[in-house]
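Presented below are the structures under discussion, each in the form of structure tokens.
Presented sequentially are two complexes of subunit A, the first with subunit B as partner and the second with subunit C.
After this line comes the complex of A and B, so read on.
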């Protein structure tokens, strides 16, 4: 499967590095660095895709590399970073169910189990050489799940999910080339999911009134007009009626 | 003629786009509702026309990404009928939600757009021949139903929506791995395709070991989507937090999409040596679901929560029926999915009226139910009797035959399942007594103001009551014929 230009060893090393980034996310407490590590993880996958492209000369691989670079190294980290700034939460220090060290040990255990499970399929699924990479990518999925399982903070959960998604991407790079349209749609779906979750993150973080104000781009303007003109510009009937209620009570 | 055939899918797309566009352009809530009714109704009509005039299966696009076969079309007819009912119900319910400030008026447009997008993604998911494409549309249905849940002005809705996403989406990641493994299996058989139709015709060449592994991965995501037990945690919260029409959509359509996926992939397994192991897997998961759900149902004091757990129980029974994997059991499992959708729609529509009458779903706050809301009471009584499988109603026959088939498989499992079903029945009995026993003696002493039921809501409930009773008494031979041909097509 893999040509002569890059030996399988180089790619294995990169895959291990990817797993290392997941381990770093597992133990990290700083949200900002978590997002940065995630984009590095995606960059490593892009590098692997480019290496595969160079040795196999399959244009689909190159397109996947470009798409991944755009979406997972630039757009998604950018969105999450923006959200994190607005949420004003910098750290996620609590661990549930498992301590960081425990999760690392569990991840190692998961890797061995996955390796054992997939080695029985080695003849069909892949040749022996890429078996280790396949096991690495499936363990990456499980590590993402462990991250989601042990943390409760929204951003950390999102990063965990994204890590799982990266595991699938790595897996599909080595095992089978799906049609490009599928890869593209999966990425599109992922971006929409992230957007929706971030909108909801605002809702959890703030009170519900404030939440609707925050996701409304015209709200600052409306509020300014409102303060100048004495409430005439407030088009939100529910809030207006509340104000009327309050005024009546005051009387 | 060939041109028109190729256009059918585009017609679905164009109708959906038109509906969306007119919703975006229209001004009032009423006209948006009108367009959503039109959208669902036109899908229903198009599907019926296709049933009458076209020869199935049909394939679309060069690499056969989409197809229309009997199974898909049948499910689309059911789904668009339920969407149609929900759109009518929304005509009354929307104003209620705005009235008691559950929904911000600014979000009405978004709500209706979400409704149409959910309908479109559901229909295209059913029509996906390519299983990876099916996966994508399934993810989209998750997204849009979460959108519909979280639009309400309550923090618990957002929490429920997040729960939904954070359980179902990661589970679906495993499904994608399973699909890739399935693709590799076909590659080694010399087909290299992820299209369901192509895989179905090469099952003899596939190796059973790799199929087992891929099915286990695929099962995780679809099971999470349809609320099978270890992955069910999101379901009660989401069902009880969502507004009733959305709950109907989720329980009657979106979760049966997960079941549809399981049935499709299981049909692939059905021809191979992997069948016996996978059958046991399905039966065990089904049994555990029924057991857990029926015991939890006993303790629930929230009407919607209780109905949600009943959904989990029913999903378990369907899974058991699939696991038995005989011609009869598959036949009744398919009918079970449809009937369950209809009954659950009836029950959740009625529960929505409880919600608007008492502003709560708690059993303790409900009193004088029959006097205040006769239609909803009738709906709940008929729905409950139907869902526990009492003889004249429509779930009796499916339940009876599935149990009989299970008895041939293993008598111990039959005993266990009967026991769990009995517990679920008693849970419904408790629900009924609690709902209707709290009565004020003198009619003048009733303090709660009667909530006047809008005609549209009344219409949907009465229509469903009639349908549930009529289908129980007389099963049209056409339906029987359709289900039989689906079973044949699935190869059982």
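After this line comes the complex of A and C, so read on.
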């Protein structure tokens, strides 16, 4: 399956590095570096696709490499970074269900289980390298899932989802050659998803009042008091001044 | 124990003892330059050692023999450990030295005595430093063992001499490209064990965050010099493991008596110095780039080498 131009080992090392980037996303707390690591992860996939293209001379592989480079190394990180700037959130420090070390251990366990599951397929597969890369890519999908459920921040969840998609792409590069049209549609879907999330993020940002109300446990009481006292109770200065402005304008 | 081995031992110990403070000086200098200072001279660690050796030793009247004996134990263990890792040429195989697991245990003995000495004088700082050092070693030691185990799996031997001979004769990419992952792991272990910045700050004195320095507070004069020299030696040994496996250029994997000349040895020693300086610069830049991690975040840092070593073992053993 893999030609002799690049040694099998080189492709293996790049796939293991992809898993390392997923582990780094799992423990990273800075959103900016998370986005950077994600784009590096996509770049590694591009490199693998180019290597496969050079040894197999299949033009679809090259197209996939170019598409991946454009969308995942340039466009998606750019948009996510923009969203992140707008949100003015720099870090995602809360972990729930699992500590970062726990997620690393869980990923090791997942890799082991996935490997055990796929090793029964070893007879069908072309070579040992395919087996290891299949295990790596499926565990990359699971690691994306781990990233999603251990974090709360929206951008981190998005990056977890994108990591899962990268796992699927790596899988498809090696095992079933998906038709190009499906790859293309998946990429379009991803970009649309990112755009939708951008809209949602701006929505949350502009409608900060409703957002505030949702997370404030005293809000129903406050609102009740507010209605009874005619708006004098609300102590939140920004909202109050806004209201005063509005009232003055109405007068 | 042939004649050749004694020549090897003498050369190795001499090179390590002389070069260890120099690497410390290089790291200090590069860090100072990164911070926009001039920094101490490159040879300042030697001057410090000379100064400390000529001072008298003051020990607390509450301390026991442990405080007095620890510097000598530490120094002798580090000198012994230097024999485990060939710095400039690889002698013929021997079964006494070079076992990678024994090396970890030697480090553990040195650490154990250092922690005892920290507790011995009964000062608050020393006890705190010892407690922290021990809790970190209980986390980092399994990681170290797994990483060294991965090395042993890749090379099919636990002997550092065999490993070094292998890397000196072949390209590491032709042995196994996964070694690149182990290089990252070994680098993190090097940073941790030589108590450098994300883990501990080597430049703090009398701060609440210090770990390694807190245990040395009660030492003075000659004893302090021995302690500092031995920790420099430890760093040099770990650097040498990294260098020997990943940049074995200039290592002589041949029989000294029959084939090599003093000239070749000099060239090899010079190359070792150059590689050591390069690695020291990398360490210093890494240290300047990062801030110290919070104490409870450190296990996260140690999870990365564990992850890499485990992946290497799984791939190496099962596939």
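As a working rule, the second predicted complex is superposed on the first by the 202 of 251 C-alpha atoms of A that agree within 3 Å, B and C clash if a C-alpha of one lies under 4 Å from a C-alpha of the other, contacts with A are read in each partner's own complex, and residues count from 1 in each chain.
Quick note on the criterion: contacts are C-beta pairs under 8 Å (C-beta built on N, C-alpha and C of every residue); 3 or more make two chains touch, one makes a residue touch a chain.
Bear in mind that the values here come from a model prediction, so they are computed numbers and not experimental data.
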item	value
Clash or fit, subunit B versus subunit C on superposed subunit A	fit
Contacts of A:39 with subunit B and subunit C, given as first, second, both or neither	neither
Subunit A residues touched - subunit C or subunit B, whichever exceeds	B
Partner chain(s) touched by A:200 [first = subunit B, second = subunit C, both, neither]	first
Touched partner set for A:101, first subunit B, second subunit C, both or neither	second
Which of subunit B and subunit C A:130 touches, first, second, both or neither	neither
Partner chain(s) touched by A:157 [first = subunit B, second = subunit C, both, neither]	first
Subunit B versus subunit C as contact partner of A:68, first or second or both or neither	neither
First (subunit B), second (subunit C), both or neither touched by A:172	first
Contacts of A:10 with subunit B and subunit C, given as first, second, both or neither	second
Overlay on chain A, subunit C to subunit B nearest C-alpha distance, Å	21
Subunit C partner contacts - residues on subunit A that touch it in the complex	7, 9-10, 12-13, 16-17, 19-20, 23-24, 27, 100-101, 104-105, 107-108, 111-112, 115, 119, 128, 131-132
Sites on subunit B touched by subunit A in the complex	63, 65, 101, 104-106, 130, 132-133, 136, 139-140, 143, 146-147, 150, 153-155, 158-159, 161-162, 165-166, 169-170, 173-174, 176-177, 180-181, 183-185, 187-188, 194, 207, 209-210, 213
Sites on subunit A touched by subunit B in the complex	117, 120-121, 124-125, 138, 141, 144-145, 148, 154, 157, 160-161, 164-165, 167-168, 171-172, 175-176, 178-179, 181-182, 185-186, 189, 192-193, 196-197, 199-200, 203-204, 208, 212, 216, 236-238
In the complex with subunit A, residue positions of subunit C that touch it	173, 176-178, 180-181, 299-300, 303-304, 306-308, 310-311, 314-315, 318-319
